[in-house]
Amino acid sequence: MKKIKRIGVLTGGGDAPGLNAVIRAVVKSAFNRNWEVIGIREGFEGLLNISKAKKITTKDITGILNMGGTILGTTNRGNPFQHQVKVGNKVVVRDLSNIIVRNFRKLKLDALVAIGGDGSLGIAKGLKDKGIPIVGVPKTIDNDLKATVITFGYDTAVSTATDALDKLHSTAQSHKRVMVVEVMGRYAGWIALNSGVAGGADVILIPEIPFNLDKVCAKVKERYQTKRNFCIVVVAEGAKPVGGQRIVKATASASRVELLVGIGNMVAEEISKRTGKETRSMVLGHLQRGGNPTTFDRLVGTRFGTAAVRLIAEGKFGRMVCLRPPNIGSVPLEEAISQLNTVPLHSDVIQSGRELGICFGD
Amino acid sequence: MKKIKRIGVLTGGGDAPGLNAVIRAVVKSAFNRNWEVIGIREGFEGLLNISKAKKITTKDITGILNMGGTILGTTNRGNPFQHQVKVGNKVVVRDLSNIIVRNFRKLKLDALVAIGGDGSLGIAKGLKDKGIPIVGVPKTIDNDLKATVITFGYDTAVSTATDALDKLHSTAQSHKRVMVVEVMGRYAGWIALNSGVAGGADVILIPEIPFNLDKVCAKVKERYQTKRNFCIVVVAEGAKPVGGQRIVKATASASRVELLVGIGNMVAEEISKRTGKETRSMVLGHLQRGGNPTTFDRLVGTRFGTAAVRLIAEGKFGRMVCLRPPNIGSVPLEEAISQLNTVPLHSDVIQSGRELGICFGD
Amino acid sequence: MKKIKRIGVLTGGGDAPGLNAVIRAVVKSAFNRNWEVIGIREGFEGLLNISKAKKITTKDITGILNMGGTILGTTNRGNPFQHQVKVGNKVVVRDLSNIIVRNFRKLKLDALVAIGGDGSLGIAKGLKDKGIPIVGVPKTIDNDLKATVITFGYDTAVSTATDALDKLHSTAQSHKRVMVVEVMGRYAGWIALNSGVAGGADVILIPEIPFNLDKVCAKVKERYQTKRNFCIVVVAEGAKPVGGQRIVKATASASRVELLVGIGNMVAEEISKRTGKETRSMVLGHLQRGGNPTTFDRLVGTRFGTAAVRLIAEGKFGRMVCLRPPNIGSVPLEEAISQLNTVPLHSDVIQSGRELGICFGD
Amino acid sequence: MKKIKRIGVLTGGGDAPGLNAVIRAVVKSAFNRNWEVIGIREGFEGLLNISKAKKITTKDITGILNMGGTILGTTNRGNPFQHQVKVGNKVVVRDLSNIIVRNFRKLKLDALVAIGGDGSLGIAKGLKDKGIPIVGVPKTIDNDLKATVITFGYDTAVSTATDALDKLHSTAQSHKRVMVVEVMGRYAGWIALNSGVAGGADVILIPEIPFNLDKVCAKVKERYQTKRNFCIVVVAEGAKPVGGQRIVKATASASRVELLVGIGNMVAEEISKRTGKETRSMVLGHLQRGGNPTTFDRLVGTRFGTAAVRLIAEGKFGRMVCLRPPNIGSVPLEEAISQLNTVPLHSDVIQSGRELGICFGD
């Protein structure tokens, strides 16, 4: 087994609370093994352009454990295997992965830690196949990766969503309103489900259970008939009506600003029309990605970071660390990206919710 | 001076954190004077329908000091002097204030505490003119009432906005994005200004300073040219371009759901188009009204509540309590509603902001 | 199987965030099955005195999901099987469990949900043996019950401890101080370990690893030699020196006020003496029990509450609900109380900590 | 007037949330005037040892706006005018202020910003008298400086105290306990008074009102007689019994660890003895200094920092910035330190408290 002297670390995809905890743990535990660590900026893009790689010092990681975001920067555009390159006036797709392999050598790296979601882990798998000794750390704020029971970022996101529900509760109650909140979760409804149950929601709509607006409105009406006089509705951004399509957000123009006319606003619109009740809606959006990571996320991030370094020390490449409570384990990268972790319909959380009278729209 | 035996209390207009602190202080200090307190639900509407008035007990106010919302309920529709009444198929406007005077007598109230904003205090003034012994407590989350240096609700709202800016900061930085946040403030930019300065914003747009998009975009570009590589823009909902109109929120349909296409989204749209930088926007909306009141808001609310009861005990009716630091004072109700408290252009906060390099769009 | 019409619910032992979430879930899901619920105040004491039992209404549980404490009240004194009774001038110990059985009948209860820790679950087991159809819900803020992977209360406590470490960090750094924090954990070091790792502590002392003060002081000195110039030390209240005894808190007098001279202060004292570094210490104490439960604790509490009612509906008495991620399960009450859940010495969290350079005093 | 090219900045005394906001504002607004800024570490000590002075860069102040503590470090020991110097075996007191004047020249500083409390501002006054162009920024977490209506740090401290009261409330209520909390405030009771009123305390003891334990215990008993069944007592560290002395904290030994046996524990002890009620006490201590500054503190800190730089630009030396709502003003340094800002006994907050039934021990 080759002696490790220097490793690289990068973060890819959307940011998530806890990324800095992983980076810190990777760096501190590498330093304790007398390795050098090269920080690669802006995900895999940083390996296409060697000027974006820089040695990390103790000072760089001081005080970052409880900071949101990532000190390395990230991007959710770009895949080196299918990179968009401008050739004259046209944009063509090129495989630039050889550049990455070349830069990896040029930087004299012995291994690479890639922290990222679905997309980034897929790229990691590709680079592993090209001979790069790589280790993955899973990141998904939606909690939709099957290969790990949970990962960092999700607990902070769901806490932010619950906190928002607490805040909207008093307004809803004081004004006798229906309050509709759209939270993250394109394919998996974990954030909506768990913040909804923890935040005392009356209706929870998730991608796994296509909803029937008649059922939703019946629940709203029941709340007023039984004198509760307000109603909290949580909608995952990927929720869709029975027989319907996931509603893609309308975009106001060709520019890159998303107009916030997602499923939450549409559900609010329909409830207002059909029940006549005063209804307000809001999209939590980027707030869910931000902020100081919770204790749980810092802890999982830290454990993942040291575990990734341990895998490298043991020469176990091509794997991703994962949480198998109470332990940290690892799986081959190919397994890591193959399956989506959606909410099982027979989950006891859903069962609990039903027994509490929560409407899931079905 | 008539001996007080029983008073009423009501909350009107949009809810604000600290309302319950006022109610609790009114009730506790009234009880300590051996008065009874009647809670009137849903603002002045509750005096049109006597069934909405109910005696308040110690139990009702236990544990409410740090709760958002109002235990009495509120509404921001309806003015008894110009009440919309259905007559056959038509809606006509009627002056129902005599019903209120009659119900006030029927409830055997000796005085009334009306907690509310602009609108509610105007109604209070009208009822005073009809002989009701009334005392006002100012409520405005936007901090736009001139007659009091500050009131409860605003500190919590601005803290929520600052907290959101903190959260968005790390995402903006990690992704090199422009992040545009729309906060409350239809006529006065206090929330935008103070959360912006406290949250480290680069651009702050307020109703008091019409903005020039060229100036805004120049600031955005400067941030990237000087390698800061991200930009935080705070926009008050009432901000408007030079020579422009306040942009009224588009409504998706005739229903009562507001579609969130306010000035924030439009500014984001323009920045994205003109600078080419990845831009995201969000509307903080109702989050700013919710949540546990801050220490400051609980304190001001409590002081206002006891001061209102003191005014009643002293027979000083037709007045509104107000904060004149470090003391609590009072002003006639007519003064209370006559002037808007906007941000003075020569405020040292704006001057500070300019010296720190913040762009105000002018 | 007997048809259930009415159940009782009580909370025993020290309070923990999430108790109200359990109570709410028990009551709401019982109501949805058309059962009545009797709330028994102050734990099993409430079954010795029938006046402490009262029907719970919807109003009683409104708004309690995110409230700390327990609306039923609790006590950590008293065991009906060994009850202290005054007879003349003497205090004698009596078995009063028959009174409980009698009152259970008198209240016409068909089942009882007992929410509590070690002690309360032991009483529950005893009552089950006397024929009472009882179901247990585990509560332990220290996370020291083996029969459930985790329970509610702990996540909030560890978050409060992490938050305190964050706060003390900046002071320690600004003043170049050693800061010693004593957290809960009499027999198990979970709170100290996990808040310590998540809060960036340099030294973590837990009951499971007897500590050597020379090692601790060596770590402190190393921090200053390597120019970090401050040091954060987390001590579980049950930590003890090698060969030593758990230090029982000194009590200033015969009264019931505990004087806060626990192990944390003693460790601080020794560090100060031996290293000469400015040292401060604090005892987090009751803060860890208080506050709004985290999302996680509300969720686990809610799932436990509905699961307990489900066990009753299925006639499965004499069992305690437990968490076996991702599912809720149950175990016989006798298993529930038999084993302590201490930190395994080969836990990957400890391994992670060591790899990050944290000193565990060994 | 001399053209300014380079200024120094230092922080002295105990740390307070908002110090970094001041530093950032000083540095950013100085940069915008094309000045250089030298950061002087560890207060005035840093001017005795020139190696502790270092140029501040943009990078140094990035992200510090919402961080507690001070990036410059501080100390609350040492006064250059009466410096303790070891001469052989003895410690003698020397005036080293000439060294500071010499180093100020050597560093080519044109002005100095000194951020600190009573002690630091006194030193600043002394240095001004020796010809150093100095500007002061007031810092006092206890809010005990008369020359400014308020300063940064206090709002965060009082919020932390209120938050602690919220947390202890649920425990007190669940267990029917008396909970005694000692908060900061050696000479002025602002933190105790305002957190106590905002946190719903039943008894508040402050240095300004010597307390009578009989009155305190009578209030405790009344709470139980009227079935409230718990009691929250807030004690400022400087509170003292009628006719008594401020109780100096006992120190366990000659070392520098303070043993936490302050007035809070003693009051708890007495309440427990005299009323027989289960009583717990806690000392909030350093938690009050830590944490992210509130919006208010960031704002005041920022306004103070830019105002200090403005004074320098205008050549107005020997002054301290201060808050005269709604404006920032300044006063001569000699005025700044001459008077203590204690709670006026006729403050409407105390009057409010009495009307709510709060016992102040008199």
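Every chain is named by a letter (A, B, C and D) in the order it is written, and numbering of its residues begins at 1.
One rule holds in what follows: a contact is a pair of C-beta atoms (placed from the backbone, for glycine too) under 8 Å apart; a residue touches a chain by one contact, two chains touch by 3 or more.
Model, not experiment: these values are computed from the prediction.
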Item to check | Shortest walk length in steps over touching chains, chain A through to chain C | outcome: 1
Checklist entry - Just curious, how far off is chain D from chain B if you go by their C-alpha centres, in Å? => result 32
Next on the checklist: Using mean CA coordinates as chain centres, what's the gap between chain C and chain D in Å?
Outcome noted: 35
Checklist outcome for this item: The distance between the C-alpha centres of chain A and chain D, rounded to whole Å, is 41
Checklist entry - What parts of chain D, by residue number, touch at least two of the other chains? => result 67, 166
Checklist entry - Quick one: do these chains touch in a line, a ring, a star, all-to-all (complete), or other? => result ring
Checklist outcome for this item: A full list of chain pairs that touch reads A-B, A-C, B-D, C-D
Item to check | In the complex with chain D, residue positions of chain B that touch it | outcome: 25, 28-29, 32, 65-66, 149, 155, 158-159, 162, 166, 194-195, 197-200, 292, 294-296, 298-299, 302-303, 306-307, 309-310, 325-328, 347-349, 351-352, 355-357
Next on the checklist: Under the definition above, what is the set of chain A residues touching chain B in their complex?
Outcome noted: 11, 14-15, 19, 67-70, 73-76, 160, 164, 166-171, 173-176, 179, 252-253, 255-261, 265, 268-269, 272-273, 278-283, 285-287, 289-291
